[in-house]
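Notes for the one structure printed next.
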């Protein structure tokens, strides 16, 4: 059955510390990866989501697959890689306010993704293809996959959502801009934080100008994430803003992916822009008020649990 | 002050699981590394031990240094490496009887050890230099360090202890033999398990023949570790055996390093062969009856705690 | 020795999660039950409190009894039930702001309470009988017990405190009103949240009108709990308010029971209304600033620990 | 795609204690259910397994579904039940040698299974249908499903495996015998412990006589589980025995289900009886040497991990 | 109501480590104290047990009282001490086979017990008074209490049970002998391990001779605990032995107290010597197969749980 | 090599609870002690710090030494004490807002510090000697050490920093004043909270007057800690204030010591007063936003992690 969402990228094992790593601390295992987070967020809400990637045959690869299957994300298109290890990510709770990340992902199975891995899944179609700016930064082949996928989907009439997701550890802003700006031209939806707009538009232009230019190039919706101030959406109809849903924030990791998943879920449900933004804000609120990358994302019946929480107030 | 023991190699962070990795499990951090285990074992018994290695400047490197310092191991000769990460080791408790190991150590800081790192520490001297067959398997530079150290110490009259410690994941038996056999000629003490003797002697010869040949080549003592059957020592005076000290074994990781540390401690104390073997067996018993790579090793006042346990009975 | 407080109801085992149940989470065992919470709160302050209920002979029943005895609550009147299981309650920490409750209490030992179980304890007397609106919702026999107890105590001159405690999962507002309104006529003290007043008074009337009517019918004190705004007390002398004691709220479960226990403790100590309300607010503050249903309640010497905290500020 | 194995029954949440329940103890969540254990064991080895049952829409039901999906067990035929709760099982570690079980499963979603739930999955076919004697003991409708499935599969030429699995808490031996003896006539494989043979054969006959009678009635293989003594298989070709694989037993819960899964996996792989029994013994060994109902079951690549362990020795 | 058992002594908080203290380890709180262990063992079996001691008013003292009340042990005779702290005991799990104890009990509240504390409880009578050789070693006043209690009970016709329980850290064998030998003359039951008999009898005599002399002096039963070999009872009717009940031993702390509690319970039930010894062995088996000082002791309905375990085999 | 900082005092093991002690709670081990906290804070920033004290030879003493060595604090001057135990401190998390401390430190090894213990370390010199008002309160000999050290260092031209650190449990304000006021005359830096100024100056004078008088007596800098309001520094050049760095406070234990360590680190680095105060505020922020006495203190490379946090805002 054709999935609603098709996405691809690298899924890692995230090891979260309970305190500073230097003094020794227990670690807990979690699934990490921007694209798999979005797939899970969408799947929990009852949409069909498929994720494609290379997963090692080691025990951490088994862990990754178990988690994706548990969430009901389609993994039929996953390739197993017996020669590379699973990428790891250590998320250190240095203090109440400081988290630090360290990666062991160079040469990982996930970074070895290649065009052949995605051919069949993309040929099977989807209502939306979701890309992030992380995948093209992983390796040459991963960059090829991303560009090939954008072009192929665009040609096939599959709408594309691009989340810029700049990772300074993986590549420079210049290298990112060179890849992401052309990619953006294929997208119908672009999601970026305010300081990422220069990677998909004129670095010298301000936010409204970049958005306007993207709309002119055919993008339908430009979403600018504003952290505690919510988000702003640019379309040909103008600008719309949404605040955050007021909850107690305990973990901001994965909040952006939750926002994206909520937005896409609204799109699959045929909601108007206001409805899509509200769902995006609701999923973001679930994400930040639960520890873990995607553990807190709601099932459909749970969406109403935050109804009483006033939208628009500052997220603390 | 000149240390009693000087050793060098790679120290890693060992992450121990409480169950199968594939289903997700808590992990705890420990220090790992054959040479650092020996240094700790010797230091806990009150001898001066110095360890040399390259340690990353990341948080895991800080953890490694903290642990070594805590144990009173000299780390003045440690080099910090800001460009490479700390090697990791995952020790999975797959079932009550099965443990599995997975490494993330390729290109680690520890494997980048080079001759310059060891010059000053070795020039400062020591009563004994301890080498293992792991270090030369890590990288070209690490192999150079090992060979250079053996030759230099030998020329300077510093006795050398070599623990063969073959690691099949790091190199082939042939590659190991090519390096270790010449190394053995520099050693005064050689420690090996029964199935490692072919790496330091004629692969076609049996245990007594290999031992005899090593003694002929100038080695003073050849120690063959026999697991649950204890150990056998060959010297020019003949063969002597020691059984294991009877304890409840809960974790055999690090038992060989404990045995070595006990033997060397006896040597530093000037004990005769029987006394050295007994202390080796006692340290092995402490190691196997405590979880962790080196956490269970005794301080000097604790040696007597196992006095009541009959030596020579089968270790279960 | 005649107890100060006599109360009866169902005590359950509360299993609290550390996170979302759907992804699997550790659970910890706690004692739960509005009436037992009040008994514990009163007993910790040094008053004699007796609790009556049916407790299963299974291991969870043993747990319930152990906890009540540990707190010094009199359990001589407890009946053991070998044919029914202990009621369970799962308290899920869905996110930092959301807790959800699921019960396994249908047909429990506690719900099988009958008049015969209470005869002897009530005949022994008490300075105050405490009822809640939960017990009559459990079963036909439990409703009979509650009504019988109110009538019998009233006839015997034992003052009655009724905490409305409406539970929507157990019965409808209509069913509750039919039972609770007549019960209220026997009470000298009535405790309710603002949205529960319609269950003991004219649904069309506002708060002051309901309170006035209850006072006319013989109730001495009507306490309206206002959450973060504190509480309001109506007596023939007028209206008095108390704010909350400012603490860091981490768990609001049991806060109402703590408030009641504090009020009753003040009554047992002969405090005036102001003093009773202040102690009620203090116990509420202890309850919300500790995890658990009743673990945080203070012993008498601990009452002063919150003295520095300004009363009257908003409880967050 | 037609599954290799089709099975149905009740899946519960098993809450395992770390110590005696009466003194309070942490609990951990696990998936429980004889049929789902078998489905997981078969799926981990790479066969297609489908499980059918009624699963509550509450959070525990979500947990059950997540676990089954994570293991790759087909759940397309699962019915969701919004009116009943998930059955719970408490597995108390009373002492090192004593475990006790307490159920909260009366009226559970799982026990409400009915023929309509199984129609489509069974019509889709399978290489083997697996039944246990637990399901018909759950409720009238569950008994109907079991009998209907046996008759329907038999008529359709789908081989049936029946694991007697007598549960004294659910029904009497007489009631069980009345249902299970006719069921046995439909089975090609019958699995029972020695003291369960009277439920599928003449209570006055000894083991060989019961087995002979079952073979006469058309059963192809009768497997008698002997605990620490292994198992005995009766076929028309005679009797064959298998010992246990020697491992450290830490948890015997689920060992019988593991044995069944191993046997069926061998059958799917076309192994001869000896091969099927060996795989059964191997899976049993994995199960008893890991804590949990099914957590320890091996994937195909892991089967060889116990190769060094001598088969036939007594399991301790 | 007169208790079956009256006992007195020091109750401490035992902090148990999960590993070596020197490297830092989590600690868990438990109740410790030989006499309170016996009181709990007897109370769990349904007898009335009262414990007398001085308990600090600090939080650890509250913990002690909570635990005793939870177990249903009578604490009406307990004196609170606001000027001294609760005695602490650290139980270090140094390795799988080695536990070490460190005390912080000098000058504790418990050691300040004085005759006045025991007057009323002893005047109220009991069916049996239980003493241990620990209490007189705590302080001068504690020794006075013990001697006074023995004399007073003897004069009042209350049978006395004395468990020698020699503690080398508290006093010398000579000091102990001087106090315990006269005490023994008041006892009707004496319990000792084989190496403690010299403290209540002629140091030069062998076990049968010491037992014979004690019987001559009026002792009715002399119980000699033999560890893994069970126990031997001397009476005027001869010698009777009991083996241990075969279980998996995980913690021998408190095993002797469990043995005593089982013996006394049998005595309260009017069992013959064989029955008393069997119950003693059963309680010992429960104690050693559960972690904790007294957590594993059985309630009456649980006694049968070990029925299948063969008595008389060696305890491992 | 001469250390930058020399300090001395008592180091204890702090056992931190996860909840109220009275109901039983897990405990975790930490190192505690105002002077060792300062030494660790300074050592983490790369300065050479030496700590002197008496440390028991028991396991807790080993723990103390391991922690100090792990942090790179010089412990060559430590004396081991085989006759006294390590002082313990229980830090109870009574509620979210309330922590309580209970000590077992009377007669501890640490309190037995004597002049001879400090002679050699002080003779070796240091750039700064740090004293606290806790040490002279521990015992007669500890008071002698403190006074002797102040006089000796002063005479030798070693600048002295005195943190008043009044502990009401150890001595009265009068006793403290009698010792601390003369001590203050030797100090070049005095650190006190606002309510401790009367212990080093005229009790009737206000803060500016006390500071002025201290400056007149030769003190160079008087630092007044103001909690959530930051700190104020008095020098001959006037008054300078610093706010707190805005972080989420989760544990204020050790915050004062962190402030001192930051100030001294700035002094060792030759920073001006503003720079010293900023570093002091930064270290305080690290301390309060991490659980533990000193676990959260930064290494030099981590100082910048809080750069984004606005200094001067109120610490919550």
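Read from first to last, the chains carry the letters A, B, C, D, E and F; within each, the first residue is number 1.
As a working rule, a residue touches a chain if its C-beta (ideal position, glycine included) is under 8 Å from a C-beta of that chain, and two chains touch if they have at least 3 such contacts.
Just so we're clear, the structure is a prediction, and the values are computed from it rather than from any experiment.
> Which chains make contact with subunit C and with subunit D at once?
Where subunit C and subunit D share a partner, that partner set is A, E.
> Select the chain at the greatest separation from subunit C, using centres from the mean of Cα atoms.
Most remote chain from subunit C, centroid-wise, comes out as B.
> Given a C-alpha superposition of subunit E onto subunit F, how large is the rotation in degrees, taken in steps of 5?
Rounded to 5 degrees, the superposing rotation is 180 degrees.
> By residue number, over half of the contact pairs should agree; on that basis which option among B-F, C-D or A-B is the same interface as C-E?
B-F
> Looking at C-alpha means, what's the farthest chain from subunit D?
Here the answer is chain F, farthest from subunit D.
> Could you give the separation in Å between the centres of subunit D and subunit F, each centre being the mean of its C-alpha atoms?
The answer is 64 Å.
> Would you kindly tell me how far, in whole Å, the mean C-alpha position of subunit D lies from that of subunit A?
The answer is 41 Å.
> Residue numbers in subunit C touching 2 or more other chains?
Within subunit C, the residues that touch at least two other chains are 20, 22-23, 62, 66-67, 299.
> Among the chains present, which pairs are found to touch?
A-B, A-C, A-D, A-F, B-D, B-E, B-F, C-D, C-E, C-F, D-E, E-F
> Over in the complex, which subunit D residues touch subunit E? Could you list them?
The contact residues of subunit D facing subunit E are 19-20, 22-23, 94-98.
> Looking at the complex, which residues from subunit E come into contact with subunit C?
Answer in residue numbers: 57, 62, 66-67, 69-72, 299, 301.
> So in the complex, the part of subunit F that touches subunit A is made up of which residues?
Residues 247-250, 286, 289-292, 295-296, 299, 302, 305-306, 309.
> Report the residues of subunit E in contact with subunit F in the complex, numbered from low to high.
15, 20-29, 58-60, 62-63, 66-67, 85, 88, 92, 100, 102, 104, 107
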